[in-house]
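Here come two complexes built around subunit A, the first alongside subunit B, the second alongside subunit C.
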Partner chain A sequence: MPPYIRRSLIALSIDDPKLAEKAFDSWADAIVLDIVKQAAQDWQQTLKAQMPLAIAAASRGGAEVFVRLNAQTAYAELDATVFAGLAGVVLVGVADAAELVLASAKLDALELERGILQGSLEIDLEINTAQGVWNSLEIARASSRIGTLTINEQALYQNLDIPFETTLEVEPIEFIKGQIITVATSVNGQAQGMSYPLCITQKEVDETTLKKAILRARDTGFKGALCAQPSWVKLCNEGFRPSADEVEYYKEVRQVFAEGLKRGLASVPLNGKMIDVPVDLRAEVYLEWADRVALRDQQKIQAHQQQAISLQSLN
Partner chain B sequence: MTHRVARCTMFVTPTNPRFIDKAWTRGGDVYILDIEDSIPLAEKARCRGLIRESIAKANKGGASIYVRINKPFVDADLPCSVWPGVDRIMLPKTDTAAEMQYAHDLITELEKEHGVPVGYIELSPMIETALGVVNIYEILSATPRKIWSMGGGTGYDMAVNLGIEMFVDFDQYAYTSSYVALAAMSLGIESSGGVFVHNPTGRVDQREDAIKEAEILHAAGVRQITALHPNFIEPLCTGLAPTQAEMTWAQTVLDTYQGLLLAGESMTEVNGQVVDCYEYARAVKTLEWGRACAEKDQFKAKALARAQAAV
Partner chain C sequence: MTTKKNPRRSWLIVPADQAAVSTPVQSQGADVIVLDLEYTVPPKNKESARAGLSVQIAQLAAASAQVFVRVDCATRWADVRAAVTRGLTGIVLPSPEEPADIVEIDALITELEKARGVEVGSTEIVLMLESAKCFWNADTLGRASNRVTAMGVGRIDLSMMLGAVPQNEFRLYRFLMTRTLVAARMLGKQPLGAFWRPGSRGGLASVADTLRAAREARLLGFSGCVCAVPEQVAPVHAGFV
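Our next item is the complex of A and B:
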């Protein structure tokens, strides 16, 4: 069961004048806010004033809101970006556990200072170097705040000096993806990502190609993806979840297995497949996952309806 | 040492007479008496009580016997599982070194109580979660108890833990199974399984699938795998043993290389193929494995004949 229903994420700049509109119309499960550093000396003060409004604007459609910070400078920037309504921070390029421990301690202080539930702010990791991959387990174990792990494929390819070749039969970093998925799962988190080659091309593609890519990402172990194109959101929301056919199948699995148990059997056949405890458990997990996705969709629909009512009353 | 040949290991349900009473006639190298996933919770106590007599039933055809216990019921399962005739205890969903240490200590006590040479029974962790994968080296190093072989990082439980749908057309376990195998082999433990075999239907009973699987495993040098249906036993036992041609070639390499050494040379060609120290080492292993398989087959044939005569 994925710990989070976070099938689609889109990145938006807090300086984007259409931030609220884009976030609302996206139907993404989560919005990742990017900050832009300015030359002016007081840019952090400006950011501090801007962030609460940006968080509110981004969350109007029912999305969770995160802010993306560079790990090396995050400690200083957290003060200007963490406010009520934020679900967590995405730290880019964490190279070792010590950086994470520092950031986590800063979040402890900010939660206390700003009336945010203690321990509620999540830290997500965006890995973009070989060092980050190598230390990923140690990093992921460094804080109980860890939620998701993502690979920034474009940056990692550059770091590893892998050419941006998009027609290979085997994905160059397939093994690394497996490692990150395993590490994330081992700390009760989840990994987010898209399958090759869309993870590096990030192109607008036809629906069939995108569906296939999302299915492969899901079957690899990813639970959602940062959508490079707004058009990806809808299909990610539909793809990173159990399909209608799977729900039907797993209902049958549970029924057949329950009947077997009544006969004293914990292993029963279904169309040539063996249904036993782990298969039944998987069915249970998938059905629960489907229920939680439905609930999440309902929350977003309600947020949109609420927004529409608010606008009507203003008019 | 015939118990080290485990080309096809198959789960058997001690509570089901249809399975346990016929197991000895099926020809498997190993039967795993299962107290875990094939036994409903309400039947586990009865199953524990049947393990000792099931050992004698299942090994009549010369098979080795393993017992798969339940992770949450180690204290209840092990006293009913450690008996003469059992070669290995399988510890499912092992996540930490502490779990291995605990089971090892308990098995040691039970070996003393039940007349089994201390340290004889292997303890094999089953790696079925991401946590088990990342902790694999510590798990395998946790006790002095010998582990001959193990696999892991794949299967239904792993799929549940990773939240993935199985039976797709690519290897979802490339990282987990390789990482587990690498850790095992770095500690001198033979790795079983770990090779992707495309099975989009998820069926586990088709003989032709077993033949295909055996070919792929054989090509990858894998010598053992677990089966879920008796239709898999013969194709796997045959397919994972060296062929006659492989044995003949290995003997040729052995003889040629020994001749080279006597002549003070280190490399030559036979029928266009290089013979050197690497090929020699491979040939030695092939011959050893072929002889072990033949010994196991002979052992099983004699046991089967005795059992049939007794019937």
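Our next item is the complex of A and C:
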């Protein structure tokens, strides 16, 4: 079961004049805000003024809102960007556990100072270096705030000096993805990512290709993806979840297995397959996952309806 | 992305007891000549191979070759004593499992550099990871000495030692290569290795198979590999572009 229903994420700049509209219209589960530090300016003060409005704008459609910060300069950036309404921060390029401990301690202080529920702010990791990969388990264990792990694949390819080839039979970083998924899950988090080669081309592709790519990503163990194209959001929302067919099948599994138990059987057949405890448990997880997705979709629909009502009352 | 030009693509293994083949011309233009004291030299020839090393190194260095000596893990102390001399670029150290193994060799090299008028610290160490322990300790091994400049994936036999049954799509070997790559890039060392297939490796690998192994390694992020015979040098250069 994914700890978070975060199937689609999109990145938007806080300087984007259409931030609110883009976030609202995207139907993304989460918005990742990118900050802009103006050179030769008191950027901290500027960001402090911008961020509360940007967070409110980004969350209008019911999305969780995160801010993406550079791990090496996070201490200063956190002070300027963390305000109520934020779900967490995405730290880019964390190289070792010490950086995470420092950021986590800063969040403790900011939660206290700014009236945010203690311990509620999440830290997500965007891994983009060999060091981040090698130390990923140690890093992920360094704070209880860890939520999701993502690989910035273009940056990691550059760091590892892997050529951008998009037609290979085997993905060059297949094992690194496996490592990150395992590490994230081991700390009760989840990994976000897209399958090869879309993860590096990040192109607009036809719906069939995108659906297949999302299914491969889901079946690899990813629970959602940062959408490089706005068109990805809808299909990520539909793909990073149990399909309607799976829901139907697992409902039948639960029913058939429960009936078998009543008859004193530990395993029962269904359409030529054996249904036993592990299959029933999987069914339970998938159905609960589907319920949580439905709830999340309902929350977003309500947020959109509420927004429409607010706009009508203003008019 | 840009591909960094790496001058050390081909590391040609030359048995140290066969001095006749260890000239730059006969090496087909290999980027690095590795005089071997390990398994390509029969035990009965090892002593004479050690005795002839300094002359070979001097000849190759005079011809502007980069010369390494691959030592035998079991006799590494004697091999290093025979190898460290002016003109030697470095030592290839197979299968170090603990940082202490490298620290010890580093100290021995330093002592020999001082005694033999070689610039202290100039002799490099290349680590060949050849056991399960090597791969898990790759980061601490790479950090054990400033002399370490490259880290390589050991022989394909390693995967068989680990119990995998090699098939054409040798996934365990891919895992080992990925782990080596990450460790090497993290530490700023050159990653060495090629995606050799079972049945077509070492001196048996054809030109076509060598090109394929080198090309696939390049696509995994590697920048050079060991060549068992001079005929593999050209396809290795063609693969690591």
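Here is the rule we go by: the second predicted complex is superposed on the first by the 314 of 315 C-alpha atoms of A that agree within 3 Å, B and C clash if a C-alpha of one lies under 4 Å from a C-alpha of the other, contacts with A are read in each partner's own complex, and residues count from 1 in each chain.
Criterion: contacts are C-beta pairs under 8 Å (C-beta built on N, C-alpha and C of every residue); 3 or more make two chains touch, one makes a residue touch a chain.
Just so we're clear, the structure is a prediction, and the values are computed from it rather than from any experiment.
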Discussion item. One more residue to check, A:Pro2. First (subunit B), second (subunit C), both or neither?
Written reply: first
Practice prompt. Report for A:Lys22: first if it touches subunit B alone, second if subunit C alone, otherwise both or neither.
Written response: neither
Practice prompt. Tell me which partner A:Thr182 touches in the superposition: subunit B (first), subunit C (second), both or neither.
Written response: first
Discussion item. Just checking: does A:Arg296 make contact with subunit B only, subunit C only, both, or neither of them? Give me first, second, both or neither.
Written reply: neither
Discussion item. Looking at A:Glu174, would you say it contacts subunit B, subunit C, both, or neither? Reply first, second, both or neither.
Written reply: both
Worksheet item: Just subunit B (first), just subunit C (second), both, or neither: which does A:Glu165 touch?
Response: second
Worksheet item: Touching A:Tyr157 in the superposition: subunit B (first), subunit C (second), both, neither?
Response: second
Worksheet entry | Dominant toucher of subunit A (residue count), subunit B or subunit C | B
Item to complete: Find the residues of subunit A that appear in the contact set with subunit B and again in the contact set with subunit C.
Response: 174-175
Discussion item. So in the complex, the part of subunit A that touches subunit C is made up of which residues?
Written reply: 129-131, 133-134, 157-165, 168, 170, 172-176
Worksheet entry | In the complex with subunit A, residue positions of subunit C that touch it | 1, 3-4, 139, 169, 174-175, 178-179, 181-186, 218-221, 223
Item to complete: Provide the residue numbers of subunit B that touch subunit A in the complex, in ascending order.
Response: 13, 15-16, 36-40, 42-43, 129-131, 133-134, 155-157, 159-165, 168, 170, 172-176, 178-179, 201-206, 228-229
Discussion item. Quick check on the complex: what are the subunit A residues that touch subunit B?
Written reply: 1-2, 137, 174-175, 177-179, 181-186, 190, 216, 218-221, 223, 246, 261, 264-267, 272-274, 276-279, 281-282, 285, 289
